[in-house]
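In what follows, chain A forms one complex with chain B and a second complex with chain C.
This part shows the complex of A and B:
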């Protein structure tokens, strides 16, 4: 049973990092950046490219993969979303454009690296470290440490840094932000950069733990989005609750009903929250007065 | 006026060239998954068919016989897309023979169209029991799930009878079919726990924790590439049980990806010795590696070559139409394929020996 509790926590912590990365972009832009799923996937494949195909050491491959993935995320904002926003595209149009971008980039990955499972692991597969009957692998320990550290850093960054405050300002009212001298486009680009970098870290950690396929990002994004809807945008602790609730429901359903229900449970929770509590746990509606 | 004359000449020349092409070539279709997560098998099959067709065509050219031309279509693992692709090949290319599909669901969906149009349909990877009853024109060169699962259950009954058992299977026609065929033949139905998972799933930690908690001694695993994650996560959780596997493991590429995590796993499969194929069919393998981009031949691609060899033999025996090819396939005995000598039974299933194999240090060893 302790192993089950641990499994819930490791999934929950990974969902938390993905939901934070997604929320960072969603918060100021107010549209579903579906291509975020491919950002996550790209980071895994960039690591594979640098470490396994170009034989760079891991300490170099990982930062290079994060930088390249961040560039992909920021390029999508510069080349696609920003021009669409300039033409007053609605969030729905932006979401459809994002879906198109996701499909194109997923096919690019399939074309470049193939559809089969790829691995970035360097060592042999070995038995995890045992603590009180619970098996924990090295990469899972790293995942827990990295995700929690990035979560804490994001909370502090969004609250106290100038860029963080600007992102919150644009999220509250982009027009007014422009009037008071906060360039909303630049702030959104920053949000894409930070969100994509966080997704890159998540993608790399996932790839080290469960390998990679070109379609891996979509399910992880779904979990991140559901955790965000459960937790509510704008509340960090709400996101923690959302990620943990989703992971708990999924793993308990896998344990008691069957693992084929894990995705279905995520959708059921999503529907229930959309009907009963559309603003999530925090129930926080963004107010213009926040600025 | 000039334009009209030019237009008529163009149409006439197009018709004439079509006629000449038809005389020169035998059009064959091939429908498999060429995009998506499971497309690896579709792509290796495509490369294998192209390589073998090149060799067959060299012989045909030498003997002044019409050449074989294979047109490939992507079914995207979707039955409706498969049906559309087959109808299109029949109408546009006037095919009498079609290879495919790999997924049982797609083959079953295409079967009525093949039977109605008297087109021979030969699958190299559809294992569902229902394929046996899918009509006279439907054949396969891979074993039926029933046969594969029976061999596996016999192994369990002989070596592990009475031990606690878990079946971990992919939740589709293939996984459910194998699970049911396996369950029919095992001796201790009371001591079995069943776990299904979604195709493409990557997190198995919770079901594996439960299997370990239940002190399971034997696990029968049915899946595709997800098996890489299952073995890895089971090793990390300290599993020491006996694993039984499925014919999908008869693939050096996937076994290499298991590393040492699948050591000791026993699975049923046809004679498939990659090293032997490489040495006995060096010319084929060199061509195949060029088409596949360096991906090793898997067992399902080898079954595909068996299908092409059988079809070519039927054509050499004088069969021309789909009906004649069908009759010839039922008649032919001892076809020398890449996975052994085989014939087709009255259901279009292959009659050939299925053996047991074991995985040791990333290699497949015959038991």
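This part shows the complex of A and C:
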């Protein structure tokens, strides 16, 4: 039972990091950056490239992977989303373009590294450390520490730093921010950089825990999106609640019905939330109209 | 020649899928990523009825359509409380739920093992065994669906859909029941998607959940967007192009494994390009 509580927490904490990384981008741009899934995947494969194919030491390959992944995320903003925004594209258009980008990049990864499972784990698989009758692997301890530290850093950063405050300003009103001298495009680029870097960390942690395939990012991203929709944008504690609620529901269903239903449960929760709060968390308009 | 016939049958199946999606996504403005789910429901219903109860095709087909339509009715009644990007996320969720039902409901669908040994279709005592005969049958259904959609979208219902996809409040102010029209369009689209599903199951004679994934949904949506929203002939051309694309790539000497990825890269790229063209909205 204690193991179950622990499993809930470890999933919840990973979801929290992903949902934070996704929300950082969603908050100022207001569109679903589906290609964020590929950011997660890319960081895992870059780590594999540097550590296993170029034989760099791990302390060098992980930062390199994070930097290259962040570059991919920022490039997608510069090359794709910014020109589209300049053409007044709606969030839906941006989302479909993002879907196209996801398809392209996922197949680039498949082509470069193949569809089979790759591993960056070193050494034999250990049983894990035992605390109070609960088994914890080393990587899970690192995951917990890193995720909590990054979450705390993110909360402080968004609240007190200049860039963080600019991101919040652009999120509440891009035009007004431009008028008072906050360049919304550059702020959004910052958001993409920060969000992609956080996702890169999450991707590397996932890769060390459960290996990688070219399609691994999609499910993780969708959990992050569900957690965001449950928790609400702009409220950090809401995201914590959303991530933990999702993890709890998934692990309880895995415990009582079977672990293969975890994906379905995540979406059933999403749909229940949409019934209970049909306006969505943000009270978004329901009808299309030209006002 | 056999292989060409095979490709033409696939083209027919994708034409039906994209046209049925065009009804909800193009005319109704409800872009959905759940279409492969409805396709799968059609395929599984027809397959299970044929394998377990030896149901004739002409009886299994309406049952498959009804089941798929019933699912779509429930789903759309919930999902249509949202619009645009939220609606896409909703349908994505439904797609994943349907996929995980197909993949995990072992006692009904046999999960990842799939359903083998689906018999070929026999109509009025005549078995449709050869590829030529199956192609004719597919073309018959393609024509039927095309004609039906042409009539439907030309009717007053079609005009209501077009109006509400551009401006819901205005359509409502003219006394149109927006919510009901959307639910009907979505449900009819899903029912039509069950037809290619049933045909596919009988044609391949083996189905498993991997044919009905999110990627398949993205592929069908790409056909609709590349062919043009509200453009039924465009869907025909785009489906033909995308089905023949990997063959062309193979023909110019690309290895098999890369050709499959290359096709996805190309249609992803075309999707991005199309978004630049449509960036001011689909209705312009």
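Keep this in mind: the second predicted complex is superposed on the first by the 277 of 291 C-alpha atoms of A that agree within 3 Å, B and C clash if a C-alpha of one lies under 4 Å from a C-alpha of the other, contacts with A are read in each partner's own complex, and residues count from 1 in each chain.
By our rule, a residue touches a chain if its C-beta (ideal position, glycine included) is under 8 Å from a C-beta of that chain, and two chains touch if they have at least 3 such contacts.
As the structure is a computational prediction, the values presented were derived from the model and not from experiment.
Visitor: Given the alignment on chain A, is it a clash or a fit between chain B and chain C?
Guide: Aligned through their shared chain, the two binders clash on chain A.
Visitor: With the two complexes superposed on chain A, say which partner A:267 touches: chain B (first), chain C (second), both, or neither.
Guide: A:267: touches chain C, not chain B.
Visitor: Between chain B (first) and chain C (second), which does A:258 come into contact with in this model arrangement: first, second, both, or neither?
Guide: Touch status of A:258: both partners.
Visitor: Give one of first, second, both or neither to describe whether A:91 is in contact with chain B, with chain C, with both, or with none.
Guide: Once the two structures are laid over each other on A, A:91 reaches chain C alone.
Visitor: Could you look at A:117 and tell me whether it touches chain B, chain C, both or neither (first, second, both, neither)?
Guide: first
Visitor: In the superposed model, which partner reaches more residues of chain A, chain B or chain C?
Guide: Counted on chain A, the partner with more touching residues turns out to be C.
Visitor: Per the contact definition in the header, classify A:108: touching chain B only (first), chain C only (second), both, or neither.
Guide: Touch partner of A:108: chain C, not chain B.
Visitor: So in the superposed three-chain picture, is A:4 touching just chain B, just chain C, both, or none of them (first/second/both/neither)?
Guide: After superposing on A, A:4 lies in contact with chain B but is clear of chain C.
Visitor: Tell me the contact category for A:237 with respect to chain B and chain C: first, second, both or neither.
Guide: neither
Visitor: Quick check on the output: what are the common chain A residues between the chain B footprint and the chain C footprint?
Guide: 107, 110, 258, 260, 263.
Visitor: Given the complex with chain A, which residues does chain C contribute to the contact?
Guide: 29, 31, 78-79, 81-86, 88-90, 92-94, 96-97, 100-101, 103-104, 164-170, 172, 178, 214-215, 218, 221-222, 225, 258, 261-262, 264-265, 267-272, 275-276, 278-281
Visitor: Touching residues of chain B toward chain A in the complex: what are they?
Guide: 35-40, 171, 195-198, 200-207, 209-210, 212-213, 225, 228-229, 231-233, 235-238, 253, 257, 259-261
Visitor: For a test of understanding, state which residues of chain A touch chain C in their complex under the given definition.
Guide: It is residues 31-32, 80, 83-84, 87-97, 99-104, 106-108, 110-111, 218, 222, 225-226, 229, 258, 260-261, 263-264, 266-268, 270-271, 274-275, 278, 280, 284-290 of chain A that touch chain C.
Visitor: For chain A, which residues are in contact with chain B within the complex?
Guide: So the residues of chain A touching chain B come out as 1, 3-4, 7, 10-11, 107, 110, 114-117, 119, 124-128, 130, 135, 137, 210-211, 213-216, 219, 251, 254-255, 258-260, 262-263.
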